[in-house]
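Okay, so subunit A shows up in both of these, paired with subunit B first and subunit C after.
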Partner chain A sequence: MGRYILKRIGYMCITFYVVITLTFLSMKMLPGTPFQNPKLTPTQINQLKHYYGLDQPIAVQYVKYMWNLLHGDMGGSFQFGNESVTALLMNKFPVSLDLGLEAIILGAVIGLLLGIIAGLHHGKAMDWSTMIFAAIGTSIPSFIFAGVLQYFLGVYVRAFPVAGWNGPSYHFLPVVSLAVGVVAEIALFMRTEMVEVINQDYIVTAQAKGLSRFTVVYKHAIRNALIPVVTILGPLTAAIITGSLVIENIFGIPGIGSQYVSSIVTNDYPMIMGTTELYAGLFILSIFVVDILYGVIDPRIRVSGGQA
Partner chain B sequence: MSKLLEIKNLSVHFNLIGRHVQAVRGVDLDLNEGETLAIVGESGSGKSVTSKAIMGLIPNPPGEIVKGSSILFEGKDLVSYTEKQLEKVRGKEISMIFQDPMTALNPTMKIGKQIMEGLIKHQGMSKHDARNRAIELLKLVGIPKPEVRVDEYPHQFSGGMRQRVVIAIALACNPKVLIADEPTTALDVTIQAQILDLMRDLQKKTKTAIILITHDLGVVANMAQRVAVMYGGKVVETGMIDEIFYNPKHPYTWGLLSSMPKLHATTDKLLAIPGSPPDLANPPKGCPFAARCPYAMKVCTDHMPEYTELSSTQKAACWLLDERAPKVDPPETIGVGGTKNG
Partner chain C sequence: MAVANQDITKEMFLPAEIDRTENERVSGEVVSVWKDAVRRFVQNKGALLSIFIVLLIVLLAVSVPYSHNYDPTHQDLNRSNLPPRVSALSWVPFLNGQEDGIDVYQQRGIKKDFWFGTDQLGRDLWSRTWEGTRISLIIAVIAALVDVLIGVTYGGISGYFGGLTDNILQRIMEIISGIPNLVWIILLILVMKPGLIPITIAITATSWISMSRIVRGSMMKLKNQEFVLASKSLGAGNARIVFKHLIPNSLGMIIVNTMFSIPAAIFFEAFLSFIGLGIRDPQASLGSLINSGYEVLQLHPYQTVYPGLLICLLLIAFNLIGNGLRDAFDPKLRH
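Moving on, here comes the complex of A and B:
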């Protein structure tokens, strides 16, 4: 197992390196410069370019950037007065992480429950209603829900604050808006798996032992149905944490999303790189965690566990 | 020997979309203590459905056991049992071995735990005792190093070994009846023999009555004392093993025996019964075999024949046995001893 993890970490580093390099190169192909203020004269722009090393060949810039990155230095943001990118990210990221994790946990728990119940009632009303809900949840984007929730629960009923991020009551609307899609996706997936697992021979074996329906479902069906669901959970988590950009904008949440967008618009190179690295790192890490979890749940893929 | 299990007039129907399939149509069977009864017949004859009905494992919907059916186990009617009552019978009084050992075990649960579940549920054993018993059972079914293998997962076992585990699970609580639904069909021939030997040995030790469901007459000859031949959801002939092999009376039984490949056959041809089994969504009014029967008469397609008692143990449902019917000799090809009955 240790060797497997080491090997995986090696691959993760390679993936991470490729992502950084590709981002760096494609970023350099973006039109425009970071210095778009019309008041700047061409000499001033050239001075700034020289100051930030942007007049050097891309290869040199790349090597310099990578060298600094290796030493933990992501550089300073162009748009926020040369403030360190690391500090900016660390400042805003916890908010996005908080929002994303709350949404994924809420979404996964409800989604799994709905999926299990629907799967057990395959072909009945409970199944159909879950399917319809899931279809709606996956096809309507989260910002529509956000608007609807804001209007009814925020403006009309006044149960929750419409926007902001100043305490638990502020979390409800954005978390729910984000979670709807997660619930739908996981419920749909879990339902399909449950229907398949319930028809497996080993479920009949379990029933033939005289186990109660609850035990059969709880001990034999759910664990097996969970295996494929875990695979989507990792990327989904990463996507929710990093993809809550629109929701952050709608609810005025001081997360990393709006900062990312403005950094692209203003060609804030170090900020673009930093945010991408954070996202990519999260994504790669989540897939790694899923693979490890996969082995914990499914003994057949416990990679070179050594006990075979 | 007293009757352990008595199935009377069992009918099982399935309500599928646009089709109402009558999979089992009025089956009567009984099982004595300690004996082995083989149920033979081709796919779709209703033998597996019959066994699932005994276990109360007919999925409802779409399946249902039709009113008027009864399955008496030690005098009590299992058909009237609630799910909770059935749980106390399954695995404890009646248990089951399945056809495909590759899929019959939960891939994410340790072998030992899968054996222990029934012990804990039915015998109230502690985890520790159940584990020791599981190791004992694994030893009993011939698994080497049981104390190590008890903690392994199904994928670490071969097909034959898995079937041994399935047998260990089934025998865990010393059931009175063991239903083996084609227990060797999915195994290769050498393993088949081992598993059958094992079942025979265990039966001697435990005195469990076995219902053996199979389409392999070779297995029947090796294992069973009595045979029930099923066709089209009905039992067409039952008898002691000698009666069925040496003095079969139903043309379908003749066909089955003829289609058994023989070692010393004079022809290279494998004999088959031409035609296909009846559609049980629209079961024939008369004898279900009439359409494929070379001896069919007009009466056969119109009226289902009653059973004719041929001895205290053998009976068959065939119009040829009616006194008004022409006398017909069974074909030579049934091989084992068909000419003996003249």
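Moving on, here comes the complex of A and C:
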């Protein structure tokens, strides 16, 4: 296990390093310029370039960028009067984290419940309706749900605020729009696992021992079915990040997602790089945690040499 | 007993004649893998309906540009933000050209019908929606085909040759797949500038990975089986074994995976339009139409409804077809 974790950490570092380098290089290959103000004279533009260090050779810029990055300094944002990118991200990240976590927790709770109920009623109406809901929920993108919810519950019924992030009532629409996909994904996965587990010999044994239905389902079936569900947490994190970019924009939430989109539009290089690295870091970390967690929960994987 | 009284003579016993060819006769119709898959697929009503829906959408996307009222780029501010109107169906709410009870067509003196309404610049949304559907479908299909090409080649080489080759290719892939596809796609589009080709390339950049994983797994499983050994001992070369035996045997999985990569590509195209990296005006895609519709969602919801509905239909239909094919090719996976 120890060797396995070390290997995973090694990969994690290499991948993260590749991401940083790729982001850096692609920013240098970008066709646009951040200095778009037509009033700027060529001399002023040169001065600005010099000020931001953009006139130095790429290799020098790269080493400097990496060195600063190691000290937690990602440079100054072009669009916010040179405000530190690190500080901007630190400011806005909690909002996005809040949104993402709420969506994952809500999605996981409802998804697991639906999946368990559907799995226990395999082939019955409850099962079919869950399957239909899941097929729709996994297919339709979150921004469509967001639009429908925003229009009907926000504009038409006026039950919830249309946009903003000023209190609990503001959380409902964006969190639900993000969570629908999570619910569908987890419900589908959990249902398959439940159906599989219920047909296992140890369930028959438990029933033969005369245990109550509740004990069989709760202690034997659900616990075993839950293990593989951990594996989809990695892809789900990626989906939540992707979704949050759009959802934050639609609902005007001041998180890093809407920030990212606006920095793409304005060619704010340091901000794009910082946010990209943050997203990549989150994703890589979540994959790592899931791998390790899976090994810890399911001893069968540890024994077979960590081949998750 | 009467029978016991009869004389049982030796002549009554004859050796049964055994027809050796009888052993080899197959009772019932011979069902090939493909026939079997088709048979199972046809039983799946959801998947059949989905095929019908997809065909209908494709037909409209291809044929509408040749119709007489096709005009996706003509701007006319006099007819901006017109709600949908179909004269023949004017008794249907939402198709009567009225908005908040006012007949906008009458107000502005417009005779022509706009079935899906018009956008802020007065462009016909019926034309733009089908133009957008066409572009979204083109991107999705090209992305899926490139997926197959790269994924099958990469996974095939990795799985068939194994050993060091496999090790190197897998380590490279591990790093590529460790980077979230969102990051890949955004960086690639930023460098290449948004457009049809860059979007397709960016979407393909990561989506071939799942295909190559599947092909690699199936190659590794198949290459050690007896029929490959038999082919090898008959003198077949690598190319023949791969193209004649291994790929045809993995074709089912390849088709299923391709079917799932089409909706994924449609989704990412729409997503990119949403964050301002999609198809640019005057061209349209389903994503860019939904995006511009969102700007006036609260005032003119119909501008988002039709492209939104189309994208939902396409995504659900393709996913159901994918599910149907998966169940048809591998009944073991059926839930």
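The rule we apply is simple: the second predicted complex is superposed on the first by the 282 of 308 C-alpha atoms of A that agree within 3 Å, B and C clash if a C-alpha of one lies under 4 Å from a C-alpha of the other, contacts with A are read in each partner's own complex, and residues count from 1 in each chain.
Operating definition for what follows: a residue touches a chain if its C-beta (ideal position, glycine included) is under 8 Å from a C-beta of that chain, and two chains touch if they have at least 3 such contacts.
Everything quoted here is computed from the prediction, not taken from an experiment.
Engineer: By residue count, is subunit A touched more by subunit B or by subunit C?
Structural biologist: Comparing subunit B with subunit C, the partner touching more subunit A residues is C.
Engineer: Examine A:I9 and indicate which partner it touches, taking first as subunit B and second as subunit C; both and neither are also allowed.
Structural biologist: It touches nothing on subunit B or subunit C.
Engineer: When the two structures are overlaid on chain A, which partner does A:Q207 contact: first (subunit B), second (subunit C), both, or neither?
Structural biologist: Only subunit B is touched by A:Q207; subunit C is not.
Engineer: Regarding the shared-chain residue A:N224, is it in contact with subunit B (first), subunit C (second), both, or neither?
Structural biologist: First partner only.
Engineer: Once the structures are superposed on A, label A:A87 by its partner contacts, choosing first (subunit B), second (subunit C), both or neither.
Structural biologist: In the superposition, A:A87 touches no partner, neither subunit B nor subunit C.
Engineer: Which holds for A:T138: it touches subunit B only (first), subunit C only (second), both, or neither?
Structural biologist: Touch partner of A:T138: subunit C, not subunit B.
Engineer: State whether A:F283 touches subunit B only (first), subunit C only (second), both chains, or neither.
Structural biologist: Only subunit C is touched by A:F283; subunit B is not.
Engineer: Based on the superposed arrangement, let me know which partner A:D298 touches: subunit B (first), subunit C (second), both, or neither?
Structural biologist: Touch status of A:D298: first partner only.
Engineer: Per the definitions at the top, what is the overlap between the subunit A residues touching subunit B and those touching subunit C?
Structural biologist: none
Engineer: Spell out the residues on subunit B that touch subunit A in their complex, using ranges where they run on.
Structural biologist: These residues of subunit B touch subunit A: 55, 57, 83-84, 86-92, 95-96, 98, 100, 103-109, 114, 117-118, 121-122, 153, 155-156, 166, 169-170, 172.
Engineer: Within the complex, which stretch of subunit A touches subunit B?
Structural biologist: 200-202, 204-213, 215, 219-220, 223-224, 227, 297-300, 308
Engineer: Subunit A touches which residues of subunit C in the complex?
Structural biologist: Result: residues 174-175, 178-183, 186-188, 190-191, 193, 263, 267, 270-271, 274-277, 290, 294, 297-298, 301, 304, 308, 311-312, 315-316, 318-320, 323, 335 of subunit C touch subunit A.
Engineer: Quick check: in the complex, which residue numbers of subunit A touch subunit C?
Structural biologist: Touching subunit C from subunit A are residues 11-12, 14-15, 18-19, 22-23, 26, 29-31, 135-136, 138-141, 143-144, 147, 150-151, 155, 162, 191-192, 195, 238, 241-242, 245-246, 249-250, 260-261, 264-265, 272, 276, 279-280, 283-284, 287.
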